[in-house]
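Below you'll find the structure, written out as structure tokens, and then a few comments.
So that you can tell them apart, the chains are marked A, B, C and D in the order they are listed, and the count of residues begins at 1 in each.
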Amino acid sequence: MRTKLAFVSCMVAVMLFCSLGIIQAKEWEFTPTPLDFKFVFGGLGKPVLKVSPGDRVRLWTEDAAQGRIKTVEDVFSKSLAPVWPDVNPQTGPIYVKGAEPGDTLVLKVINIEPAVDQAWSALIPNFGFLTQTRFTSMLHEPLPELIWIYPIDKYKGTVKFISRLGAGKYEVEIPMKPFLGTIGTAPADREVFHSLTPYFHGGYMDNNETGIGATIYLPVNVKGALWSTGDVHLVQGDGETNGVAVEAAAWVTIDVLPLIKGKKVATPRIEDDEYIMSVGSARPIDDAIRIAYVDMINWLVEDYGFDKWDAYQLAGQVARVRVGNIVDTYYTFVVKFPKKYLPQ
Amino acid sequence: MRTKLAFVSCMVAVMLFCSLGIIQAKEWEFTPTPLDFKFVFGGLGKPVLKVSPGDRVRLWTEDAAQGRIKTVEDVFSKSLAPVWPDVNPQTGPIYVKGAEPGDTLVLKVINIEPAVDQAWSALIPNFGFLTQTRFTSMLHEPLPELIWIYPIDKYKGTVKFISRLGAGKYEVEIPMKPFLGTIGTAPADREVFHSLTPYFHGGYMDNNETGIGATIYLPVNVKGALWSTGDVHLVQGDGETNGVAVEAAAWVTIDVLPLIKGKKVATPRIEDDEYIMSVGSARPIDDAIRIAYVDMINWLVEDYGFDKWDAYQLAGQVARVRVGNIVDTYYTFVVKFPKKYLPQ
Amino acid sequence: MRTKLAFVSCMVAVMLFCSLGIIQAKEWEFTPTPLDFKFVFGGLGKPVLKVSPGDRVRLWTEDAAQGRIKTVEDVFSKSLAPVWPDVNPQTGPIYVKGAEPGDTLVLKVINIEPAVDQAWSALIPNFGFLTQTRFTSMLHEPLPELIWIYPIDKYKGTVKFISRLGAGKYEVEIPMKPFLGTIGTAPADREVFHSLTPYFHGGYMDNNETGIGATIYLPVNVKGALWSTGDVHLVQGDGETNGVAVEAAAWVTIDVLPLIKGKKVATPRIEDDEYIMSVGSARPIDDAIRIAYVDMINWLVEDYGFDKWDAYQLAGQVARVRVGNIVDTYYTFVVKFPKKYLPQ
Amino acid sequence: MRTKLAFVSCMVAVMLFCSLGIIQAKEWEFTPTPLDFKFVFGGLGKPVLKVSPGDRVRLWTEDAAQGRIKTVEDVFSKSLAPVWPDVNPQTGPIYVKGAEPGDTLVLKVINIEPAVDQAWSALIPNFGFLTQTRFTSMLHEPLPELIWIYPIDKYKGTVKFISRLGAGKYEVEIPMKPFLGTIGTAPADREVFHSLTPYFHGGYMDNNETGIGATIYLPVNVKGALWSTGDVHLVQGDGETNGVAVEAAAWVTIDVLPLIKGKKVATPRIEDDEYIMSVGSARPIDDAIRIAYVDMINWLVEDYGFDKWDAYQLAGQVARVRVGNIVDTYYTFVVKFPKKYLPQ
């Protein structure tokens, strides 16, 4: 039986059970204290929550600077360098009952509400896509460090860009489209990655597709899955090229859907109303896309009955490729196949 | 005075002159004979047309296989390998009166009509993104060579994908969104590139943004600009990952807009109703995006009055990055900045 | 005061102290039991040894397959896949007294003796440089899995390649030039990496320069440094292109030299009689070389009084670049500056 | 019959014929006037010489700046930018009688003598490996432009590096090891490349292996082969990382060996006393090495009777990888297989 069918059956079962009161799905709310935050995926101590498939969690997520950037004076060297590596705090880990290595964790993003009145963005020395970095190491002087503050208008659903340096002031409102910068499980092979790294476990993917309504499939590598999330972005361009999106603390509501038992996604997958999506995080960009694209071909073959070469051919004509980030330790790309071209 | 203003003034001038009958804009139509096709950009002989800014041209463009692929039997080794390097025929070159090295040629795509009843796509050995290639050279056996024929329904505006290899037949209609796979001028520095190569002169960019309604800015490197076009794609996914789009001969209508004198774009630029766009063609992907993105920052600074760091910041939040192709000798990416966020 | 001078002074001090009997340098020997092996760098439990600068350690290191590959029948899917991720066992971690985060650990390789009579190499599916991999993911069938056994002649100091597949047998002796495939400290930023990954902490560098006589400088990221080593290669070409060198268990003798206090190398460095060397591990290759090369320029400026641009110029004419591996999760390259061109 | 045997037979034949006086091998000397220089490979007019296999040519080659850089004042913006793209002049093209598309041209470098008393090197804005470039485009200010003059001591066979910027003067002599920065034939597929580009035709390979004693195999793509050479480097580090080697005009003596008829090398190959070598020029570095390494495996299989997987295995243990340049439009790497491990 195919994963997809298994998944649908599980969903139906859960809904039935819930409506019959056999399973009592719970709603959890968790606000971390500063001591609760984690700055890695994997190798973690005690979970902050233990939940069951079918439960809903409402989590406070801090911004990547943990509230240390409030004005344009709070540049990287003052606000973040001193606390390094305690940057990009994660809310978690959350233990999912019944999750065993080899399963797939399924999470649905129900809501993301900014919890503050202003967001921030930045230019950080030797970080970003159009600059030398720790990896693309060169002999230039670093670009300047700068902060931009974006006021949030919750009623309009916008943030406001305010120019800092031009001769005249330029302001423009941008509709919010919030998403989870970071969401992931404990990595495989006993590895532990900083919360600023995306990889096969998910993590710091920084991609626009993990917003409200998205269903996210993550590999379960350890008992309980031990997933975390954080780093909400209210707005971000493709690639997060300057290195930092419009960052804010937020309330995040996520449904833990039934596990897919006995089948582990090779790399994170996402689904929304229009697309099924595979995510690849690697360097260089070529490999990030390759990982995502081959996973998509495999998905089309295994779950939708396509022949491999037909899948490659059709994807070549209708798939979309979306840039997540091109600034992190690994780059993240998403390959999207439109559901309307899937066989019924 | 800024280029943009200069450009607007020119346009107004041209329209005035035309309406006054002072300049008589001409319409040209050109159907190449087999001997007329070119397979390179640059180093060309006699132009097939000499036109003036303000003129309209209607061109027949052949498909990349020059009509040699009619059935699923016409695989690469039979249809194209024997005529190599006479692949991807271009209609041109077209000489534009008044175009001097250092200017920018401005072309607007008015229409693209498929000229045949069926299109084709293919899997070509050692060509594409998910295979070893001449460059990403490996020790594998090549993937198989295959042809797919896509019937065209001009009334519905669709092509039909028909599965070839699965257990059951699967067919699905895909709306056409035709664009010019290839458009470019003669390259700089006396170089000559095959029509299967994109670079700073444009050429084989294979990107969805060169469709109907697009205005394309190309560098003038030699007297007369000597531009060509061809390789119409009726449908193509992001990246053209399998190596070949849905290919067809077509009638292409292009307006030659007034030249931008004395200022040469560093890399091709495109404009449509929603976006201004910069194009980068290079390997690896990282560099293709860098070329396009830095050009966009320069554009925002030079023509729209942004400070450099403000431009980088705002683009980081609102720019889109679109994959053209990731299969050619150079990869092509497009950075798109939404016009709604430009200062008025 | 410069690091180099500090280092020289320390050495002199140690030698004096030792000869005066004030410090009693110790010699340790350690043979791990199967349960002692570690398969990660960082996040480790109890050290297997606690040593002091000035001490010598003699360690048994297992081969990467922990003795599971004895004949050509023991291909990856039979010998290693079942125990994954327990591959590439490390001897360690070793705690160095006095080592604090921010210091540099200095280790000198005194001897490497093969401890067995035959070594092995392999072709592992989807692993190596001329094949699709987990990262450079493609749609090919994997290359075949194969084992080669290399008999060791300790008297001649050679291993023997024996062809497996050609029409006629071909055998040839290759002089051994053993080195440590893996040597590293606990990583920074609370991260934990599998023993198959090289990074700024060293680890799985697989480069020929870590052989007998080499002095290796590693960053101290945690108290005690917690270094490990293993994976001896008796012979390896540049790049370890097929994915696996000539692998054998060995006895390894290493001197723990005086720590460089208060100065941490940014990336591993190596020194032998002829060269000072900087190591970069990253993807793609471009970045691995950039990391190593910029570190070398910094070294020339900080320790040898060069102006930055003079250093870049002179290195451009006399530095050598050596490929370590181009098959691991990160690639490793070494930039070598000849000591004869250093100012006295 | 194998190419190698064919080649050996040809050589024997030529030597016999020569000694019998049947073929009268000629010696040619050619000193170009400024008007004779070419700045591209391919698409050329009249050859400067027509020679036969067996002939020897002695050519004057200009330095890459055509003598415009004589003092440290002659920085790029003053000396070379004004004449762009007339940079890196080539001596040629030379027509080889009997060379037909599909053959391999074989050239042996007999001598390279510097023809001037001083050489130069430089730091050129946005050019080199540790800087943003036209391709790796970023938002930094360029590194400074600088010239270094290297006095040549022909008796000692050295050039002298003289520091420019440090507090104290530092001078050091470096033994000359001259090689041809550029050597290539007319490219395939009607393409024309600037003399600053290496590719499958050879060209601007900038690799140390094309020195005195090297035999160079180049593809014949057009009748007469139309090869050129130039850009002698007296000294160069691996990678030419700063962008410019120690450059000088020179007298170059080359023997045109018998053609290999009916078999065209896929990419340039080189042979010296110790190694057979394959050259790959591409971006990124990964692909340059892949091209060279796969060509080496093919060579071992086709000419030396190895099984493909045995060849891959043995090369993995004994092959060397040498960096040519990592600064040109394409990067050049060389894979070297030691002759002592070849079957007799």
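Going forward, a residue touches a chain if its C-beta (ideal position, glycine included) is under 8 Å from a C-beta of that chain, and two chains touch if they have at least 3 such contacts.
Because the structure is a prediction, the values reported are computed rather than measured.
**Q** Please identify each chain that touches subunit C as well as subunit D.
**A** Chains touching both subunit C and subunit D: A, B.
**Q** Taking CA centroids for every chain, report which one is farthest away from subunit C.
**A** B
**Q** Roughly how far is subunit B from subunit C, centre to centre by C-alpha average, rounded to an integer in Å?
**A** Each chain's C-alpha centroid was found; their separation is 49 Å.
**Q** Report the inter-centroid distance (CA atoms only) between subunit A and subunit B in whole Å.
**A** For subunit A versus subunit B, the centre distance works out to 34 Å.
**Q** Could you tell me which residues belong to subunit A and also touch two or more other chains?
**A** Where subunit A meets two or more other chains at a single residue, that happens at 130, 136-139, 143, 284, 286, 290, 293-294, 297, 308, 312.
**Q** Going by the contact rule at the top, pick out the subunit D residues touching subunit C in the complex.
**A** Against subunit C, subunit D makes touches at 121, 123, 128-130, 143-144, 146, 148, 161, 163-168, 170, 172, 174, 235-246, 284-286, 289-290, 293-294, 297, 305-310, 312-321, 323, 326, 341, 343.
**Q** Note which residues of subunit B are touching subunit C in the complex, please.
**A** 130-132, 136-141, 143, 284
**Q** Can you list the subunit D residues touching subunit B in their complex?
**A** So the residues of subunit D in touch with subunit B come to 39-40, 42-43, 85, 134-139, 188-194, 197, 280, 282-284, 286-287, 290-291, 293-295, 297, 308, 312.
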